[in-house]
Amino acid sequence: MLEQLKHIVCKANLDLVSKGLVVQTFGNASGIDRESGLMVIKPSGVDYSCLRPEEMVVVSLETGETVEGDLNPSSDTPTHLVLYKAFDSIGGIVHTHSLYATAWAQAQCEIPAFGTTHADYCYGSIPCTRPMTVEEIRTNYEANTGYVIVERYDSARPQESPFVLVASHGPFAWGSTVADAVNNAEVLEYLARLASETLHIFRGTKPMQVPLLDKHFFRKHGREAYYGQQR
Amino acid sequence: MLEQLKHIVCKANLDLVSKGLVVQTFGNASGIDRESGLMVIKPSGVDYSCLRPEEMVVVSLETGETVEGDLNPSSDTPTHLVLYKAFDSIGGIVHTHSLYATAWAQAQCEIPAFGTTHADYCYGSIPCTRPMTVEEIRTNYEANTGYVIVERYDSARPQESPFVLVASHGPFAWGSTVADAVNNAEVLEYLARLASETLHIFRGTKPMQVPLLDKHFFRKHGREAYYGQQR
Amino acid sequence: MLEQLKHIVCKANLDLVSKGLVVQTFGNASGIDRESGLMVIKPSGVDYSCLRPEEMVVVSLETGETVEGDLNPSSDTPTHLVLYKAFDSIGGIVHTHSLYATAWAQAQCEIPAFGTTHADYCYGSIPCTRPMTVEEIRTNYEANTGYVIVERYDSARPQESPFVLVASHGPFAWGSTVADAVNNAEVLEYLARLASETLHIFRGTKPMQVPLLDKHFFRKHGREAYYGQQR
Amino acid sequence: MLEQLKHIVCKANLDLVSKGLVVQTFGNASGIDRESGLMVIKPSGVDYSCLRPEEMVVVSLETGETVEGDLNPSSDTPTHLVLYKAFDSIGGIVHTHSLYATAWAQAQCEIPAFGTTHADYCYGSIPCTRPMTVEEIRTNYEANTGYVIVERYDSARPQESPFVLVASHGPFAWGSTVADAVNNAEVLEYLARLASETLHIFRGTKPMQVPLLDKHFFRKHGREAYYGQQR
């Protein structure tokens, strides 16, 4: 069942390690098959060094139940399911505790758009969720993590910032495929570090001017794009 | 004598190098065989590049004497012995001068729990010992290093923070096995860096809310744990 | 056509990756053949992992048109052309979003000459362009990026600082060849990081004294040079 | 002539690269044969990738003249000669522009002894030279660099701090052999970074207490030493 997607999702999880985005067993990647309504995700707390495609867990988007797999799915599974339901254009999700993105999440600060590197990927600040309530933490914590993310977006936004910071926790990134989501998780970590280093040089740095933000974002995204080989 | 433990302890010492936790000959790892009351530890000041299992030194927990081995045991041996006596649930200890953990120790600051990465491993701030008195430094310095650590804990705590900062010195980490202790030493270094980077972004960052700390710590530790494959 | 230059430019682009100066597809390198008036540059948005010499694009310095190549040239092509026209002594140009240089560009701060490492390569501060006007951004953005760079220099300067920061964007570096430009891009990243770390230690650090700047710059550059094997 | 020393000095120069202490052609290492009064040093401005023992240059300690070798000796040769004359117990010298040590030199700040990692190698702050006068810069600059270093020491000190920062420039390190000097250059870079990270956590960190400094320095150095396998 979904053999190809299992391979892709397994590889995406291993890429998180080789790109330096996870330490220990932190982090997970998933992909979805929209047609069958099935999500493939990393098992919970398994050592990355011996992760194999056949260990990936298949979960139903609708019921949240494990459909195939001997191991428990990632404990963050309910968060992934909420995001797939809310953002129907996305095909893959990545969660990490990567250093700089997690530091911004712990500081509960949105990452300002300081330059064109940022504008090439994200239209404005990288959002950070509000703190969760005690009730949201105690009951259905993982699903509620998804809901506080969705709350920061409207239906148009998942493309405008393909990553988000969960306050006191860490980042989630997504994309049209899980490989794309891994890519975005790597970009996010770079942007987070770049913004930190910018503030260390000059604490009073202001966000970039909006016409420059427009120019770079729409040079790569949307109908007017002319970057790369797309036209 | 204890051939398997010597192999494991030797490997643990070499893992400290490959994980980037030691420079030069700083740092040491030990393991204990509770049944025989014998500790296996790295020899003092030996180059890691040629460390072999048969060079490990066997020391009696009760007398502190070398029972087997041609080389002097690590100069920190008395610290290890004090910790093994005080914390009877631990099976391995690691001491490093890893960069960020040592910086926090030098600043004599406890590392606040700023997020869930921290809460997954440690219930609250990572403790830092008080400065040692002149008397404690001049006489039995290494054993007294162990006593100031133990002073910061009560019998329940070694699991709640499996690592500690010794003021003006550096970190010690422990675990149920020496491999587990190495793991915790790596986690500590990551948490120390994460907390530094968080403060660089926003100096006024407050510790995370307690319900979230509870949620993450007890999701992985204790009877209610549901992370990983344990149930 | 220009087979040798294509090889050299392709290698220069790959060197940017191996030197850690680019992430993703950010960055590009070009070389010029002054005799034929042709520039060779990386194609736009192509993955570095499979970049080959035959994919390099040949562009006319005079008309800006693609003379050879199946792919679109780098979107920054007009910037390169403006620089080659304004600085007739240079043979290669590199653009990156390398971490520390980009952070200084985002902070819109010139990098002060704090020490001899800097003085060995650059005579004074590393310049940063003024912000572009809305008009310059909306029309001919990439060419205007070149013009705001040239505006900061007079004809003598390209040797005095072989790199520049474009405000809210990132660095450009050049040299007598594209290999030399790659080298300078690497030096710039080191100088940018060195200056950041210096300010972190002491925020009030002043630029170095001028006689020492003179000594080091002219020890390596110009007719009185005695560094290396040149005399 | 001095074939063995040439091999050792060549290897020491290459070790500076593999340890990440030099970029480009910055940096140089030398060794001395006290019996013959001859120093072996790296040639000036030569690429490290192709450095071979037979390219090392032999220089007379007394006259400063090249005794053997086809290439110019390092431009810092006069600095090395002054240090060998002033400190007769040393057998090797290393000069680098390593990142954190150079940042401290640029900030013109001595590196305080914040902890035991530092105390294991250096008895007190790591010294920084005074700025050089215009006269010292313009005439015999490289020799005068040596004299301002020596000025900061008395005959007893070279062992107490086997490294020094030259203001607005970078570090020099030495040892009983050139391999020992490379080691000390690596330790210096680590201590410099450790001190920076400590100040970033708590700007008001005070130097460590003197009894602890005494304990660690004399545990490894002098007649009472008991660290390692020396007794």
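All chains are identified by letter, namely A, B, C and D, in their written order; residue positions are counted from 1 within each chain.
Quick note on the criterion: contacts are C-beta pairs under 8 Å (C-beta built on N, C-alpha and C of every residue); 3 or more make two chains touch, one makes a residue touch a chain.
Just so it is clear, the model here is predicted, and its values are computed rather than measured.
Trainee: Farthest from subunit D by Cα centre, which chain is it? Let me know.
Mentor: Relative to subunit D, the chain whose C-alpha centre sits farthest away is A.
Trainee: Between subunit D and subunit C, is it the same set of residue numbers doing the touching on each side, over half shared, or a different set?
Mentor: different
Trainee: Let me have the rounded angstrom distance from the C-alpha centre of subunit B over to the C-alpha centre of subunit D, please.
Mentor: 33
Trainee: Can you work out the whole-Å distance between the CA centroids of subunit A and subunit D?
Mentor: Distance between chain centres: 47 Å.
Trainee: For subunit B, what residues touch not just one other chain but two or more?
Mentor: 200
Trainee: For this entry, which pairs of chains touch?
Mentor: Chain-chain contacts present: A-B, A-C, B-D, C-D.
Trainee: Which residues, counting only subunit C, touch subunit A once they are in their complex?
Mentor: Interface residues on subunit C, with respect to subunit A: 23-26, 43-46, 71-72, 75, 97, 99-100, 102-109, 131-132, 134, 137-138, 141, 168-170, 196, 199-200.
Trainee: Help me check something: in the complex, which residues belonging to subunit A touch subunit C?
Mentor: Residues 114-117, 120, 183, 186-187, 190, 193-195, 197-198, 200-202, 205, 208-209, 211-212, 215, 219, 226-229.
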